[in-house]
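Below, subunit A partners subunit B and then partners subunit C, in two separate complexes.
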Partner chain A sequence: MINFLEVILVLILLTVLLSLGSTRLVALVRIMALQGVLVSLTPLLLKGHGLASLGAVAFYVAMLAIKGVLIPAMLIRAVKSVSIQREIEPFVGYHASILMGLIFLLSAVFMTNSLHLSLPEGRALILICAVTTMATGLFLMLARKKAITQVIGYLMLENGIYLIGNALSQHHSLYIVEFGVLLDLLVAVMVMGIILTNINHAFDDVDTTLLGQLKD
Partner chain B sequence: MASFLSLLLALAAAPLYPGIILKVKAFFAGKKGPPLLIKYYTLWKLLQKGSVYSTSTTFVFKLGPVVSFAAAVLPLLFFPFAGNASLFSFHGDVVLMLYVMGMGRFFTVVAALDTASPFEGMGCAREVFFSTLAELTLFAILILFYRLSGSLSMSSFFSEGNTLTLAGASGALIVLVIVALFMVLLTENSRVPVDDPATHLELTMIHEVMILDHSGPDLALIELGAFYKLFFYAAFIIQLLCPFSLPLSLLNIIFFFILLALVYTAVGVIESIMARFKMNLVPKFILTSFVLGFFAVILTMGVLQ
Partner chain C sequence: MLELIFLLPFAAGIAAFILPTVLGRVLLLATAIGHLTLGVLGWTGRLTPLFEHFFGASPEGLLILMVTSFIFTCIAIYAFSYAKESELGAERVFSGCMLFFLGTMSMVTVAEHPIVLWIAIEATTLVSAPLIYVHRSQRALEATWKYVLICSVGIALALLGSFFVTLALDMVELHEPLSFALLNSLATQLDPIWLKVGFSFIVIGFGTKMGLAPMHTWLPDAHSEAPSPASALLSGALLNCAFLGIYKAHILMVNAGLGEFSGNLLVVFGLASMVVGGIFIYKQSDYKRMLAYSSIENMGIIAVGVGVGGVGLYGAFIHLIHHSLIKSSLFLSAGNILLAFGTKRVEQVQGLIRSMPKTFVSFLAGFVGIAGLPPFGLFVSEFLIIVAAVRGHWYLSVAIFVLALVLVVAGAGRVVMGMSFNEGDAPSGTGEKFVRLAPAYVLLLASVTLCVWMPESIYTTILHSIQAIGGFHG
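Take a look at the complex of A and B:
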């Protein structure tokens, strides 16, 4: 029988890798939408999580809608409104970024193996996946210049945190906190949209390094 | 018996499938497209013609097509179609298969260089560079398969007991392998987004430019070899999709050949909806496939064993 949980986790790793190598912003946002959907599907496949109550159902649907539809739609709108298509000259090149992804995964595996957490059956892969996603999110925030890509990095970081929550928690109790983080994220994306338009107005570009030139 | 039958069927049917790619592309363009058997007609037409050899070429030029055709057929003898035992198999035959295909490429390249045409030299450089990178991916996948199945022969990868398929115990890793292999398929067989088989400008060609000077039966051999190579990779991917454990081996074989059309359709769809990459983005594409393969290997160190 196909183990759907593992397949979804591996697909999340695939999106992480693709996001490191993608030059076009629209493609990047689409990859993030896919990752959001995959990440919000994960708890459904965990043993002992399931669709226990009406509240849980509402939570999963909201999660899927925000991560998979709402945030990507807003990001796409931001990309369209400032009419930038690709990230040129990032701080770290694309080939190097892809290799960094490899290193992140390698260290995530070693970390998970040597942490010796008493995880429930089949949760170790979630932890590996979560650490890799978080590290990659952090890396994207550091290695790219455009504000949109940095927000996408933040988004990926949040996905990783959510996965860690999934791996460690046994019940739905943690989800309240998660939901708070998600709202934070939503606000962050909105603020990013506003900032992006303003940078674009001031400099005719959305490169955040240009902000260093600001004076009184 | 079943092994012979499936091999013969494979050798006979390989030129049929590229017709499917053309049909899919025609469908996307809103055209009727060439008939499904177009590649057979092309081969027949080419075989009836004579060959033209430039006076500046040597015997190497004539050797190229023959060797590359033989190198494309040979790996199929080791391939276990639809889970049937392959005709030949021994420990490590996968490595042999890959390097026999490498030898075929070498002779194509040497024959192309023999014409002393600058275009062909350029095509050779690209072809060799990209397939060197693709070899990384293939060997990452081999390392993974060796870890999972403890053997290095094609038929033991897919025999009973060793279930290197999506439905098997390590099915999640096979997802990565299938994506990586598909990227290698596109690279090695010079399809979009790496190379455009329909291009007419020598400067943008990779594979096509190396065979510009071949004509008649030589060209037919090269084309047929290319079909077999594509068939090999497509069959490899299909073999990873499902275990083919229907009770009757004949049913398995039919099922296998029907599923093969899936891979070719996917190639056709990609060819219709994507533009080819700029030349400098191709290494990134292949590198991504390598990292995918290596991701799978790393994951076996952690939990999925």
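Take a look at the complex of A and C:
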């Protein structure tokens, strides 16, 4: 029998590596949409989770809509409004970035296996996947010049944290609280999008190297 | 209904976006007074939470709530006149976001669920971002971007830390709704590795928001570019809220028998912040940035106080109250200076004593207070923290602590004396005005009063706040 959970986790790792190698912003946003959907589906495939109540159904539908449609749509709009289609302009090259991703993955495996953490049965793979996703998110924020890739890096970091919080932890009874976290994420991306548009108006570009006036 | 404390400002905030701008200013003031009343009711225990899984009145939360509420009232009076005179572009956004900001901060103080606390702290970042961008300059834009991005990433790490702590709870095989009370009651059964990892992430995460070095880089930019009433609120109220997140996690660590680990971590971050604050104040040429670095330094002092424990804990809470009062007063005075001179450069501001005598008095008195000289309360709190540190044999830490304090006094003294007494041209901007002077004086006066006469109920609330981790003799 196919283990759907492992398939999804491998697909998430694939989106992580793809995002490191992608040269076009629109493609990067699409990869993030796919990753959002995959991450939202993960808890459904775990033992003991599932669509137990009406609240749970509403929550997962809302999460799929926000992570898979709403946030990517806002990002695409931001990309269009600042009229940058290609050129992510890396500080670290694409090939080196993919190599970094593989290094993150190996270190995550090594860390999970060597720490002997007290984890529930069969959840080690989720931890590996989550740590790799978080590390890559932080790396993307540092290694790319365009301000919008920093927003994407932040989203990826959040996806990784979500994997830890929702899939790894068994406290999943309070959907209202998780919805609050999701709402914060949505508003954060909205606020960042608005600032991005303003940066583009003020500087005629969204290059983070332009943002260096304030210092001591 | 305890939830009214944050629901009222939310409702008022929505109204401020719809109503005309003049009414928005009145609304700011009316909400402030309503909020203060609710705060007093909550303080005396007459408000019970409706959703007791999520919200509740803890002594440390109430303390920070009252400080926030009092400061906000003073700032609302100030903003009444400031908003008109500084020609804020989007005043509706300003009033609305100030109210939302008050609401989210109040939500932080009454949160009893770790993730709800996180949601509220992240929300403070999002609603205060427009406040920094109100002046719409390129510099303000850069400050806003850094603020939102650095704080969001930092706070995301705090969420990770909170999840690690809940993972520790999973191992106990208990299915009750999560809350700080539940965590504390089971503290000794929790897995220490997850707790340590979780606490480290929480300190880094909320520490970013609190302005602990080396995660403080957004703070001087945001505090200097925001309009002065917003700066006063950011410095005097928001930093305390982030501290509350760390403090609640620290209580859990102490209950789990890991107090030494968390205390050491807090002392290290605290001392780093003090040193960074001291160094950057010394060479500062922008007086609002100087105040911002002083906030970093003072947050460091609070972290050290909590870290060393015992009488230092009491000192830390006294320090928190007085720092909030004095620093917000200083930012309001700085706002008056900025309105008159139109610049934040230290060398372009001269002769305050002649041109703006009343602002001079509040600015200088604020400096005396923040430098930790009597009769202001920071003298007492810093003294208590040093006593506690010596008692605990933290000799190296005491040396660094005192050195950083001296650096700050020397650096800030140079700036303030230069601005006050140097010969120079009179300012060309807006002059002094009672509405913008009184709040700064009231805040300072409150600090002096609390130093001479501390009401019994405040004293006992502080004792209750620190009782969970051993109180005076811990």
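Everything below uses one rule, namely that the second predicted complex is superposed on the first by the 200 of 216 C-alpha atoms of A that agree within 3 Å, B and C clash if a C-alpha of one lies under 4 Å from a C-alpha of the other, contacts with A are read in each partner's own complex, and residues count from 1 in each chain.
Basically, a contact is a pair of C-beta atoms (placed from the backbone, for glycine too) under 8 Å apart; a residue touches a chain by one contact, two chains touch by 3 or more.
Note that the coordinates shown come from a computational prediction; the quantities given were computed from them, not determined experimentally.
Novice: Is A:I152 in contact with subunit B, with subunit C, with both, or with neither (first, second, both, neither)?
Specialist: neither
Novice: Counting residues of subunit A touched by each partner, does subunit B or subunit C come out ahead?
Specialist: Larger number of subunit A residues touched: C.
Novice: Where does A:L25 make contact in the superposed view: on subunit B (first), on subunit C (second), on both, or on neither?
Specialist: Neither partner.
Novice: Determine, under the contact definition given at the top, whether A:A33 touches first (subunit B), second (subunit C), both, or neither.
Specialist: Touch status of A:A33: no partner.
Novice: Touching A:L214, do we find subunit B (first), subunit C (second), both, or neither?
Specialist: A:L214: touches subunit C, not subunit B.
Novice: Between subunit B (first) and subunit C (second), which does A:N198 come into contact with in this model arrangement: first, second, both, or neither?
Specialist: After superposing on A, A:N198 lies in contact with subunit C but is clear of subunit B.
Novice: Which partner does A:A143 contact after superposing on A: first (subunit B), second (subunit C), both, neither?
Specialist: After superposition on chain A, A:A143 lies in contact with neither partner.
Novice: Within their complex, state which residues of subunit C touch subunit A.
Specialist: Residues of subunit C touching subunit A: 53-54, 113, 115-116, 118-119, 122-123, 125-126, 129-130, 133, 138-139, 141-146, 148-149, 152-153, 156, 159-160, 163-164, 166-167, 169-171, 175, 177-178, 191, 193-194, 220-221, 224-225, 280, 283-284, 289.
Novice: Where on subunit B does subunit A make contact in their complex?
Specialist: Touch residues, subunit B against subunit A: 166-167, 171-173, 175-176, 179, 281, 283-284, 287-288, 291-292, 294-295, 298-299, 301-304.
Novice: Given the complex with subunit B, which residues does subunit A contribute to the contact?
Specialist: 1-3, 6-7, 9-11, 13-14, 17-18, 21, 23, 94-95, 98-99, 101-102, 105-106, 109, 112-113, 124-125, 128
Novice: Along subunit A, where are the residues that touch subunit C in the complex?
Specialist: 115, 117-118, 120, 134, 138, 141, 147, 150, 154, 157-158, 161, 164-165, 168-171, 173-174, 177-178, 180-181, 183-184, 187-188, 191-192, 195, 198-199, 202-203, 211-214, 216
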